[in-house]
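Below are two complexes that have subunit A in common, paired first with subunit B and then with subunit C.
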Partner chain A sequence: MMVAQGRVEVMKAGKFLMYFEGDTSVLAGVYGPAEVKVSKEIFNKATLEVILRPKIGLPGVAEKSRERLIRNTCEAVVLGALHPRTSITIVLQIISDAGSLLACCLNAACMALVDAGVPMRALFCGVTCALDADGTLVLDPTAKQEKEARAVLTFALDSVDQKLLMSTTKGLFSNAELQQCLAAAQAASQHVFRFYRESLQRRYSKS
Partner chain B sequence: MKETPLSNCERRFLLRAIEEKKRLDGRQTYDYRSIKISFGTDYGCCIVELGKTRVLGQVSCELVSPKLNRATEGILFFNLELSQMAAPAFEPGRQSDLLVKLNRLLERCLRNSKCIDTESLCVVAGEKVWQIRVDLHLLNHDGNIIDAASIAAIVALCHFRRPDVSVQGDEVTLYTPEERAPVPLSIHHMPICVSFAFFQQGTFLLVDPSEREERVMDGLLVIAMNKHREICTLQSSGGIMLLNEQVLRCSKIAGVKVAEITELIQKALENDEKVRKEGGKFGFAESIANHRITAFRMEKAPVDTSDVEEKAEEIIAEAAPPPEVVSNPVLWTPGTAQIGEGIENSWGDLEDSEKEEEGGGSDEAIVLDSVRVATDVDVPSAGSRDAPIVLSDSEEEDMIILEPGKSPRKVRTQTISAKQEKAPSKKPVKKRKKKRPAN
Partner chain C sequence: MTETAVVAAECLAGGRARAARSVLGQVVLPGEELLLPEQEDAEGPGSAGERPLSLNAGVRSRVRVVCGPGLRRCGDRLLVTKCGRLRHKEPSGGGGGGVYWVDSQQKRYVPVKGDHVIGIVTAKSGDIFKVDVGGSEPASLSYLAFEGATKRNRPNVQVGDLIYGQFVVANKDMEPEMVCIDSCGRANGMGVIGQDGLLFKVTLGLIRKLLAPNCEILQELGKLYPLEIVFGMNGRIWVKAKTIQQTLILANVLEACEHMTSDQRKQIFSRLAES
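Here is the complex of A and B:
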């Protein structure tokens, strides 16, 4: 799992982040807490909005469903109660897709939220597992591996106890395989959190 | 989010500075900002940075049937999107004017100038042609979107490779990139837009306006030119009145700028091709300088999953067995059964229609959240029952069936005509309460 990340300077009162995982890269920007339309206002917490734009074509149903998954994950960790009647918008632009896209989007979103200074109760990360025809577990699969796999599972785990925040699966797998994938994802998430920590240390080393 | 308005003092400051031939970022009047072009791992993917304005361009292709009146030409499709991350004011519903203007300008510049040979995109005349789709996403708005977008579009088109196709008689073979190397598009020339902003009713002009300068400008002149000094598109907007020598002067400046930009593009394309041929690493990750403090990279790391199987088995062993999926149904009377407790019926009486409970046997789709499964109408159960709908041509709105010994049962009829007539009733009709009291 090669994880590389680049960050772009502050632009337009928002914060930007380009997150690469292998050849998959996602650009994330966070706006907020900012003004919210009265129709979308929630009286006691912040309204979270996620916008995911694909590279080719207009956004469709798949993007909508991914947006919802990411939003649900973020709502579980962001301390919205500290900013009532505001909106926090996370904009994700897919730069290239070479497998494990949802996990990459989750990681980019988390880092962008941290960089923007949005209060959260934990960090989160996304990990994708693929189970191929003979039951071998592959973490962070490429697009080819995902296509040929029997099942693809994506988990969002939190940084405090590696608890499960969100899971979405596609394909056939047994109960034991699910638990194995989850345990493997928890082990992998340690690497991602280490990456977060080191990159933030580097970022703020000269302030 | 609403756009922050420009304050009057800022506007005055900018205009005064322009009168003295000074720009906020220290450029000269005819200077362009630095242009950076980087390519992605896929063919046809590029990011162009004009100062801080960034545009992502991606070209894709698909085999489709051609248009009826152009049976031997391929189809070109351009789409520029102003992403919300470009500026807080770019909300999905709100930017139609600017978006339409930019899209239209881009189309005129690239499609009407015939820079791409559409005849070469034809595979089988009248049946299959290539549809080339160019998607541009504005990632950050710092002025002069149109220039950056036109550069991104033409660079992406030059970089793109489409799959090779061969036609033998009636047979068409489409080769995958592994079988045969993909083929570049045939591009005649590279039109590039150059923008000129005018201030003080055409007295002062600036090339490549930044976002602040765009906000205070009076009008904009866009000239699309190629390196052979042919004008592909010209657009003047904002209602400024320009003299013909001003336009000629602008076109001369544009010629010089376009020559420089075209050279830059050629160099970038050559570099990328060299790197790909030599097998070096390419892509956006490589183009971000490693030593920058804001960039961090971690190499491939194997994850230790040796104890995963044992952990998983432990969890399964400790987990409680799954609860019984179907609880035992309770049989009230022959034909009525109940599964689960059920929640309060929270549907109040609707104004004109009555809710009809599903009649039918217990072989109906059972909602797992527990639903009182009831059968036909003739089994009375606790509470008032709704009668089935009788579709009839009758003009009577409310048909009351009178039966001796029983309270009048209302039968709802669906009338086809709009007439409202009350049926004569023998018994006084009890006005039905609109809201059922909660039981």
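Here is the complex of A and C:
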């Protein structure tokens, strides 16, 4: 079982965050609460927008579906009711992809939201699990492991009770295996949350 | 680093609520719940033997605690919504339990009633000016909200001018409104900011630090060059000195102040004073 080893760099502008997980790295920026077009405004909460740009090429359907997953996760956590008729935009740029991309994007988005001071009811993190042909569970699989796996499951968990916020799965697996992966992901998420806490403490200790 | 180890252990234990008093000055993360002092007595272990048994078990003395920025009331606990250091201020008068708030670092401003801000006039439409204050909506400023302004005697405000004013209406549901007079009808320093000078943006935390009473940075700056300076709570600072070069130096020093320790700052000031 592998444990996520992340590293966060706050770029000089103070608004961009780069999140590294192994060799996968994603640059995240949050803008908001800002003006929103009248066609997109919601009268009682903030409009959340996620823009995910791949490393090369134009964004396609896969990016759109990932944007949707990230947006749904963020909407569950961000206190949008405090900023009605505004927009909060999360921009994610993939710098390098070596597996567990969606989980890395979720982590980067969470840290960027915290850094921008958007009010949230909890933190969240993403964890990827891969099940290979003989049923072995691998956490944070590399690209090669993901391709050869029988099933790849990504979960978004919240920091309060490690509740499940979002799950997306690909492949064949049994019900028992799903529960096993979820339990492993919940255990691994503790490491990610500890990493969040340490890096935020380091940031505030400089001031 | 035993503190981080203890904190990490608590985090792994499942995020149960901690007493607000024990976390003062530490970094808190969104999602944490904090117990107020009165609840912590009721839930704390081991002290029951020393306290006299109260006959009305249901009634507790209610202390009124004010929940500041970064905290929300969640049942009878405080939920942290922003990351930062937890602060507490004792009540000045009698009664009340003081104020708790989270000191967070951010650049984006959200209008708050009573805040003095620097805005840029973006449009003039009929009787009101639209002023950009850095929030999600432009604020509106009536032309009568200046000292000595009447329907015949309109203030001389053009698009692109800088305005220093305060919010009279600023909540999440309405468009923010600002004025350049205080409740007595006097300008009190507010109004159109004069010609020249430089407007630049810094983080909100730095502004609060500079506006704190007895700020060393300001006193040292004043000794360096004669200057005029206006601080807006929306992160904007307008500064004007005798020459353009001095103005730029002051702007650079203020922007860099955030990341410097007080020793580095004193070094820079002494080097500038020499040249």
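Convention: the second predicted complex is superposed on the first by the 193 of 207 C-alpha atoms of A that agree within 3 Å, B and C clash if a C-alpha of one lies under 4 Å from a C-alpha of the other, contacts with A are read in each partner's own complex, and residues count from 1 in each chain.
Just so we're on the same page, a residue touches a chain if its C-beta (ideal position, glycine included) is under 8 Å from a C-beta of that chain, and two chains touch if they have at least 3 such contacts.
Keep in mind that what you see is a predicted model, and the values were worked out from it rather than measured.
> For A:143, is the partner it touches subunit B (first), subunit C (second), both, or none of the two (neither)?
Once the two structures are laid over each other on A, A:143 reaches no partner at all.
> Looking at A:206, would you say it contacts subunit B, subunit C, both, or neither? Reply first, second, both or neither.
both
> For A:35, select first, second, both or neither according to whether it touches subunit B, subunit C, the two together, or no partner.
Both partners, subunit B and subunit C.
> Identify the partner contact of A:57: answer first if only subunit B is touched, second if only subunit C is, both if each is, neither if none is.
It touches subunit B, and subunit C stays clear.
> A:84 in the overlay: touching subunit B, subunit C, both, or neither? Say first, second, both or neither.
second
> Please determine whether it is subunit B or subunit C that touches the greater number of subunit A residues.
Between subunit B and subunit C, B touches the greater number of residues in subunit A.
> Classify the contacts of A:198 with the two partner chains as first (subunit B alone), second (subunit C alone), both, or neither.
both
> Given the touch rule stated above, what does A:76 touch, subunit B (first), subunit C (second), both, or neither?
The answer is neither, since A:76 touches no partner chain.
> By the touch definition above, which subunit A residues appear in both interfaces, subunit B in one complex and subunit C in the other?
Of subunit A, residues 14, 34-35, 198, 206 contact subunit B in one complex and subunit C in the other.
> List the residues on subunit B that touch subunit A in their complex, please.
1-2, 40-42, 45, 47, 52, 56, 58, 60, 79, 81, 83-88, 92, 133, 135, 137, 139-142, 283-285, 288, 292-301, 303-305, 307-309, 311-313, 315-316
> Quick check on the complex: what are the subunit C residues that touch subunit A?
4, 7-8, 11-12, 14-15, 27, 29-31, 70, 72, 79, 81-85, 104-108, 110, 135-137, 172-173, 203, 205, 258-259
> Quick one: in the complex, what on subunit A touches subunit B?
Going through subunit A, the ones touching subunit B are 1-9, 11-14, 16, 18, 20, 23, 25, 27, 29, 31, 34-35, 51, 53, 55-58, 89, 91, 93, 95-96, 98, 137, 139, 175-176, 179-180, 182-184, 187-188, 191, 195, 198-199, 202-203, 205-206.
> Quick one: which bits of subunit A touch subunit C in the complex? Just the residue numbers, please.
Residue list for subunit A touching subunit C: 14-15, 32-36, 79, 82-87, 114-117, 119-123, 158-161, 190, 193-194, 196-198, 200-201, 204, 206-207.
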